[in-house]
Amino acid sequence: MARPSGRAADQLREVRIEVGVNRYAEGSCLIAFGYTRVLCTATIEDKVPPFLRNSGRGWITAEYSMLPRATQTRTPREVGRGAPSGRTHEIQRLIGRSLRAVTLLDALGERQITVDCDVLEADGGTRCASITGGYVALYQALDRLVRAGELPRLPLREEVAAVSCAIVAGEPVLDPDYSEDSSAEADGNFVFSASGGIVEIQVTAEHLPISAVQFAAMRELAAKGTAELIAKQRDALRKALP
Amino acid sequence: MARPSGRAADQLREVRIEVGVNRYAEGSCLIAFGYTRVLCTATIEDKVPPFLRNSGRGWITAEYSMLPRATQTRTPREVGRGAPSGRTHEIQRLIGRSLRAVTLLDALGERQITVDCDVLEADGGTRCASITGGYVALYQALDRLVRAGELPRLPLREEVAAVSCAIVAGEPVLDPDYSEDSSAEADGNFVFSASGGIVEIQVTAEHLPISAVQFAAMRELAAKGTAELIAKQRDALRKALP
Amino acid sequence: MARPSGRAADQLREVRIEVGVNRYAEGSCLIAFGYTRVLCTATIEDKVPPFLRNSGRGWITAEYSMLPRATQTRTPREVGRGAPSGRTHEIQRLIGRSLRAVTLLDALGERQITVDCDVLEADGGTRCASITGGYVALYQALDRLVRAGELPRLPLREEVAAVSCAIVAGEPVLDPDYSEDSSAEADGNFVFSASGGIVEIQVTAEHLPISAVQFAAMRELAAKGTAELIAKQRDALRKALP
Amino acid sequence: MARPSGRAADQLREVRIEVGVNRYAEGSCLIAFGYTRVLCTATIEDKVPPFLRNSGRGWITAEYSMLPRATQTRTPREVGRGAPSGRTHEIQRLIGRSLRAVTLLDALGERQITVDCDVLEADGGTRCASITGGYVALYQALDRLVRAGELPRLPLREEVAAVSCAIVAGEPVLDPDYSEDSSAEADGNFVFSASGGIVEIQVTAEHLPISAVQFAAMRELAAKGTAELIAKQRDALRKALP
Amino acid sequence: MARPSGRAADQLREVRIEVGVNRYAEGSCLIAFGYTRVLCTATIEDKVPPFLRNSGRGWITAEYSMLPRATQTRTPREVGRGAPSGRTHEIQRLIGRSLRAVTLLDALGERQITVDCDVLEADGGTRCASITGGYVALYQALDRLVRAGELPRLPLREEVAAVSCAIVAGEPVLDPDYSEDSSAEADGNFVFSASGGIVEIQVTAEHLPISAVQFAAMRELAAKGTAELIAKQRDALRKALP
Amino acid sequence: MARPSGRAADQLREVRIEVGVNRYAEGSCLIAFGYTRVLCTATIEDKVPPFLRNSGRGWITAEYSMLPRATQTRTPREVGRGAPSGRTHEIQRLIGRSLRAVTLLDALGERQITVDCDVLEADGGTRCASITGGYVALYQALDRLVRAGELPRLPLREEVAAVSCAIVAGEPVLDPDYSEDSSAEADGNFVFSASGGIVEIQVTAEHLPISAVQFAAMRELAAKGTAELIAKQRDALRKALP
């Protein structure tokens, strides 16, 4: 079966990562998965949530939002709602958990790093692009702490990246764009670490339960995709940081 | 390794399902997973969300809430927030998706069924108890439509049930209670259908990525647990319905 | 005139009080006035509202809510409103005032007791059932403080209970159910103490002013009804507490 | 016992009613109970709440608010809360019910009259002044409909007025000002019609239950007070309307 | 061109300022620009916003609101919105800035003065009436601090007043009423100090850009109008204060 | 006096306008005034606000927001507030009025164009950059309607642009950056059309009234600045549009 984009079933969209795109933020990048573009910034603050005060441990949290015209038709801003939507909440909690899973929070000290992921254009896979780009912004911010002598070494275990997979017309595909996603029978987000550890798996059958075989195929595609994304992260950071 | 409750690693808590506990609701049950108790009701309304109007298709949605003293210390009500919390949103979206995955929405006709899951006491696993009990309330409501001649047959494909698993002190365990859950290294919710289909898998590593072997063990426990839960559902419905 | 239920004009519905129904709460009961069922829990916290800090006095507050399917047709949850409705506010303020009127707040010390009243099913009279059941939950919580040696004696003056009366088709009736209530010409809530003291009287003519004679008849019925309810409270607490 | 103001126990404060104080509103008055001053306006609109559409019946509703500096120290506006406070809700529902109880809603036709009661200065008794003044504004608005030939006659049964009573230092007093009110043991709001009918009685014991004798004394004072207020209403309307 | 009111193009409406109309507020006045009437109160509190704590400096802030029937047809209250409207925000920020521009905040000490402007009736020009009346209420409050010995002298530089101008049918007019304002091509608010200093100029072309000549004419009218208003302020304060 | 940037008093920052930066929006540009960068998109919808339905006229509205890390320290998102802040409201109303003043709303037909201005980085002057860039996005959207044959010609009278001026250390300067702005004595936003028409003037003295001479100097700088900005708009559009 041919994909609308002509990609192979196991092929990522073109991925670009531009590091250091915001002059105020301690870390930042603009990440693109094809037409999906997310601006990620990392902010370091010398405060932690109440449950960590005087614990010596740090915290990483994330916020996620879409510009109104990130979408094909304009999506109203959430500011009038009084609270982020359920979808926004789910996504920002996922980003936060994924980044914390590869960070040594004890070694970070009592600091909070807020990773903001603002979607400039959305063509599917925004949460995975946010995690993958959020890691790069986080790395840059932590690297700055190390260079400034505030931390002896990077408090990171390993890289983390995320990719989505879907079952479209019965076939598993890697990194679907919006047109594939909106007709998918099942949809999964996989967050894996560089060593292949499982940080998060979220698989949802949209209409019908899927089979164990289909699940296994999605997982395999995701392993391949996240490995490639981690190579892109390394490459972008190596070029950008002194 | 001994579990605090003395259960085997692959043993569910005592499960009780009492059908028909609300005199107004079209379907209802009180489900207990050990000390976790959830009151589930199903309400049939002759209206559907805007995107389904004049489509001939029906819809199933869910709402989830905890009574303030469902928890060891009192949890403030969400009514003052203006919107349900992110956690509540995630859970009620999961319940709705899980029930829709086994329902023939076309055969339901333009009706909406709202499944309300109100947690009376929480000792871990409330979302899984809600899905498992929500299915029973939904079944009773649909059965009422069939008996009333409004539907020719039950618009259900098969049963659905959910159970959580965790990695506690390195070991996978089935259906953890709150004390196990709060010290777990990873935590997964598995929603499976009677035929073993995957409706939803959500696995989260709390601190460190987990290995593929650990994930496989959790999934196997979940398959055993959901099969037992589905047997309980059948048993409760057979006894309660004429 | 015959009542729909066949009850005499001065007859309560069947009243049941089950004490200790929640394993976490310091006090709890499930109270039924016929088909009206309310779950009451009492939570003790070592904090008081700002206006009582460092006063040595305690406080009792109440919250009230209905499950969505407590009613014949589903009532949307208030969580989306940003604040409890006016009706909810009126009721929870009434419950709190009624319980404070029989409590020695000085003797309670700087503690706050929150009485949560969650209506599982509503067939009229939910606020009166909440006050009557709330007293039982409060008693159990205070009794626990005494047994734990934290208070020398129960800081309670006497029992308090509440019942509603209505004028239906021109006749005063005790403890109307929903069908009587919804067609009543006037409606009153009477909160009386064991010694016959008046804690609160709220009488409202729905359409036309009522006469002094009608008011007197309602009040007399209420006195009889609350006396019977207080006997039920005593009975339930005597059986439940050691 | 001498009252702080030197008034007799059964003496109202000086009451002034100025009719027609707003050039836009269909009815209006400025009512003073001593230092308590409330601006009441009545607005006629050709629409009714959804539950009355196509019923041929009308509706009367009320809103109540206090200017920030109506009180001795400044009270923050409620606009930041997202909803009126519980107290505001209780009061505006009471005003609306009281005015509806003396209005022939069928004869009003499908119109809604909104009575706005804005407290310019508060020295106790604002809700009773609002009901008493609200009636005057309502009368003027209805009279305008009659003069315009839109109604054949005034759709009013009789006058309605309200007064508060309190038990202060054990003694019942009529129309307490703020200094008496804030130290009262019990507090009652009585809404009576011109013929002595009971529209609403709300009596609350603040700390201790009160006795039947005390309640009877409050009620008697209220009957005297509302009769005097109704004479003031008649007088003000006779002078103001042609 | 004749104005609807028969006024000359450079003629203010009748302006009345009644000082000391609220018995609780530290300063107050009722100001009328023709039919526009605004009740202004000034409240002194011994606290400042967080950014001024321990700075020794004071602050002046303003709030603005309209009663529902200040307008020809009833305007719903803003309390249901959760926040003041954009228009309300703009106006209250303008009032606050204007009053701060003539106050010596250092000499005021760590006090906050809140000027509340509540519009009783609106016939155009409410924000300008609020600034002009707000200054009078502020003066009275500051004068009270001086008389009480809490300040050595009035911390005011000079008077401030505001007036609006409009281009109506191509002609500049001073102090338009609502009927002129609603058909104006451009609309300006001018806040000037007694010495002719510019505190704020806000000129808006409603449909088409205006010319430099028209702008100059509006500004000249405003200079004349504010000088007359300042004379009225002086007169009212001289008569009212000992 | 030397400016921190070394610019002359009447010199704009470097201005760049990149047209067509969003693939979904009907019109878009990224505009930079030095380090200030704003992403502007224009969305065409076939609906108008209620007050324009069936009028045949169109409408232009604007929304404004800042990304959290547009600022030197992170600014919390407004989504938790339930409504945009007062500052946001002021700015988005200003942008909308400015664009409407140069648009022929009758000729636009019953369409609404929403101009979203999202600030990526803020170094002063964001509202002026939003107006100037918003015009470019609007132009592109309207041009698309003309090319599609939906409009016979561009419904625009002339260009509009905006620039701010300030009095810094007594001297008027054009287009201040954040460091100048935050220490300015007065601050003005000038919205002028290509022919020199005045669309909006907002001048605010921060601490002290300013003189007529200072005001005149600011206005002159603004005239020069907006003329240069309009040349930039023309240039960018000419290059970008076929």
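Some points to look at:
First chain written, first letter: the chains are A, B, C, D, E and F, and each begins at residue 1.
Here is the rule we go by: a residue touches a chain if its C-beta (ideal position, glycine included) is under 8 Å from a C-beta of that chain, and two chains touch if they have at least 3 such contacts.
Everything quoted here is computed from the prediction, not taken from an experiment.
Any chain touching chain D that also touches chain F appears here: E. Copies chain D and chain E of the same chain sequence form an interface built mainly from equivalent positions, shared numbers / all numbers used being over half. The interface in D-E, C-D or A-B that matches A-F, meaning over half of the contact pairs are the same by residue number, belongs to D-E.
Centre-to-centre separation of chain A and chain C, using mean CA positions: 51 Å. Chain E and chain F have CA centres that are 28 Å apart. Separating the CA-averaged centres of chain B and chain C is a span of 33 Å. Within chain C, residues 81-84 each touch two or more of the remaining chains. Chain A contributes residues 22-25, 28, 35, 39, 41, 43, 45, 63, 65, 67-74, 77-84, 114, 116, 118, 120-121 to its touches with chain F in the complex. Interface of chain E with chain F (complex): residues 81-86, 89-90, 92-93, 97, 100-102, 157, 192-193, 195-212, 214-215.
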